[in-house]
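Report on the following structure.
Labels run A, B, C and D following the written order; every chain starts at residue 1.
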Amino acid sequence: MSGFTPLSRKQIAARIAQDIPEGWYVNLGIGIPTLIADAIPEGREVILHSENGILGFGPAPDPDKIDPWLINAGKQHVTLRPGGSFFHHADSFAIIRGGHLDLCVLGAFEVSANGDLANWATSAQDSAPAVGGAMDLAVGTKRVWVATEHTTRDGKPKLVESCAYPLTAQGVVGRIYTNLAVIDVTEGRFVVREMVPGLSREDLQKQTGARLMFEEMEYA
Amino acid sequence: MIDKEVRNIAEALGDVRDGSTIMVGGFGSVGQPDALIEGLIAQGARDLTIIANNAGSGMTGLAKLMAAGHVRKIICSFPRSAGSTVFEELFSAGKLELEIVPQGTLAERIRAAGAGIPAFYTATTVGTRLAEGKETREFSGRTYVMERALHADVALIEAWRTDRMGNCIYRESGRNFNAVMAMAGDRTVVQSCGMVTLGMLDPETVVTPGIFVDQVVVVPTHAQINETAGGMC
Amino acid sequence: MSGFTPLSRKQIAARIAQDIPEGWYVNLGIGIPTLIADAIPEGREVILHSENGILGFGPAPDPDKIDPWLINAGKQHVTLRPGGSFFHHADSFAIIRGGHLDLCVLGAFEVSANGDLANWATSAQDSAPAVGGAMDLAVGTKRVWVATEHTTRDGKPKLVESCAYPLTAQGVVGRIYTNLAVIDVTEGRFVVREMVPGLSREDLQKQTGARLMFEEMEYA
Amino acid sequence: MIDKEVRNIAEALGDVRDGSTIMVGGFGSVGQPDALIEGLIAQGARDLTIIANNAGSGMTGLAKLMAAGHVRKIICSFPRSAGSTVFEELFSAGKLELEIVPQGTLAERIRAAGAGIPAFYTATTVGTRLAEGKETREFSGRTYVMERALHADVALIEAWRTDRMGNCIYRESGRNFNAVMAMAGDRTVVQSCGMVTLGMLDPETVVTPGIFVDQVVVVPTHAQINETAGGMC
């Protein structure tokens, strides 16, 4: 393994931002997905949804312009863009669960080759994990993309044959953006679309817990 | 003349009974009716079931209520978070029951109670451990879980402005669970940042019509609010 | 049958208005119930709900002040009182079906001694009757009162042992105000509370299709 | 730049297919998207299922659509009313299917579709002929009927003001079914009384966020509106 540079978290976010077209309504989870907001190209109108009742929120305010009533689901102070709106929690999740969001981008502990997502409970023994809106987003949104490091800190694969962590939802993930590759989940298989320059297919496979398909790569 | 304003919190919460189910609005600290929670602690009812998005953090609000031993069970979507030490200690000591509900299912179960719907089906939790023991059913080839309405004896709500008939508007993301819980309490008590003269709330913009509200206590907020964002409370 | 004067429709409405306390949220059906709005004593705040998304509507506007967007469920032009509000149909029926209205007053073809209400379909053969919000109101409201003539135009009883017309709802009617009497529906029986002066119990019974109880009359 | 405004109704409705399910907002004549209904007649799709509160009256709007033979089935709460002669003739001639749904159940079934709920339970219709053939179930000792979500391929909506992102506000009782149906259409087309610059709609007062809206056609109303009640359209 040499000759390649994994993407930083910010670079993963920027890579994802490239693929979000103008006009999409998008919910961004905590972690890398949050960074996507600032990476959307200037002038491209993408409308961000927050579980706590906002459509069209914008970046953090200047410190002297913080409005305590205006936070996103990550409890960060945000602003509202022109064309934004507020609504209550049942309406907010009607938007999510009714299939109205074009996309949510979520973090993951594990994703399986059939698109199962595990991103809420850190172990089967954990009896008080915080689910928040993760299951609603995973099940309700038109497209679920995952943004994650390719492996855990101790090098274990996060892309696996079958999830060991408790599931968030079954068969929902459509695409995975890691620090090493862009991988589609198609018909129960991981199909590699893109890799960081200099990384070999063998190296990527070694860091992945399920068989990778390379036939349909867009960039060699 | 209809006037739902009460002079103090003790009057509003005086008759909360042991064993009650209490909804508490807010998301994070935004829209959380802090003064009413303090009032509930002072009032002293025990054996409470709390329905809220989270299980408190730090040593104030819900955490203080739990630390004082007033809570038997909590129904929430986000129990463990930064600073939720009170919850964690009580829960691991077996002194607190917990029901984890996905945030959307929580909101919808609360709305269902307010709308006279005893149960509904949702795709959320299907195939996960949160669906264990729950009834599932197929509609048009997809599997759904049945969820029951969540009622409360008392809903504690924060609103931005109210009038004497109990009509409420909220402020920005302060609307959150407040506007839904207001529908689901047998009794709904509002902590209002300010009372306005009847007729001052635009009828097109009222979010919670007074029919859902039983009592209003005015508690001006001390939060710093940028004047360009709507003026001080 | 002599020596008494049946109440006019307006008088029935006025009689009902007397019994609606300040602060109640009330939905008034079409017919006699509609007349109640104008009979509520000046200064008593009763808040009227309309299915099409209004709380706090007031009397008809002056002809030169009609606002075409402001009608009630009876499609009549109305006004809005201070403290009123607008909402959509699902929220409007959440108010009805969630048990938030203190009272609805409805017309009836028939009411049975166990509180069944028939007020929507004029016959079992009618295959296209308009149900509107009648079933929702009858089932969802805290109290259902009926305002009706005591008999049909051809003198048949409308208060009966068991409804022949298709039901609107089972066991929901709490009180009936007719042109002859005020009658509670209590434990499967019609209990007369009040009669127009000069009407004998026998005469009232003759015009009623089920046994009347008189033991608990408030006024002889 | 997001811009949901289309120049004319033909563009908005051009691809409506035979056999589609179409929701039509409004209650009585208030909030009814008349111009879109006319556009649907001109567009010519047949074999339609119409979901609306009533079945039309007079010879315009829904009545005209039905008279022109475009409608196979109507799902509504109030089929027969003053002037519903077109409906009555077609129905008694067996040329129109009818599903009568209580108004509250109709609104809730539409909302359910918009909120991802395939089915729910309600007390409305229990023990009546409208519950015949429907599944019932007891919850806490009371009987309820199961009702299914009502989706539409296209929802036709009238709004008072919109912006280029499709955010809508309504006017007084014009909100009615419009704000609910906007959620339930695979495609939602808005007939707007007027377009405003982005940012002119107060974010606290938006009733239908643009996420529910696909296309907007501006059709200024010619109704007389009292100026004190909010100005001319």
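Note that a contact is a pair of C-beta atoms (placed from the backbone, for glycine too) under 8 Å apart; a residue touches a chain by one contact, two chains touch by 3 or more.
Quick caveat, the model's predicted, so the values are computed rather than measured.
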| item | value |
| --- | --- |
| Farthest-lying chain, centroid of Cα atoms versus that of chain C | A |
| For chain C paired with chain D, centre-to-centre distance based on mean C-alpha positions, whole Å | 29 |
| Where chain B and chain D are represented by their mean Cα positions, the distance between them in whole Å | 33 |
| Computed distance of Cα centres, chain C from chain B, in Å | 35 |
| Sequence positions of chain A contacting 2 or more other chains | 80, 86-87, 90, 93-94, 96-97, 140 |
| Interface hub residues of chain D, defined as touching at least two other chains | 108, 111, 115-117, 122-123, 170-172, 203-204 |
| All chain pairs that touch each other | A-B, A-D, B-C, B-D, C-D |
| Chain B-facing residues of chain D, complex | 108, 112, 115-123, 137, 139-140, 142, 144, 148, 169-172, 202-205 |
| Residue numbers on chain C that touch chain D, as the complex places them | 50-54, 64-73, 75, 80, 86-90, 92-94, 96-97, 121, 124, 127-136, 139-140, 166-170 |
| Residues of chain D defined as touching chain C within the complex | 27-31, 54, 77-81, 87-88, 91, 98, 100-108, 110-111, 122-130, 160, 170-180, 207, 223-226, 228-230 |
| Residues on chain A engaged by chain D in the complex (per definition of touch) | 22-23, 25, 45, 47, 49, 55-56, 80, 82-87, 90, 93-101, 140 |
| In the complex, chain B residues that touch chain C | 1-2, 111, 113-117, 163-165, 167, 183, 198-199, 201, 203-204, 206, 209-212 |
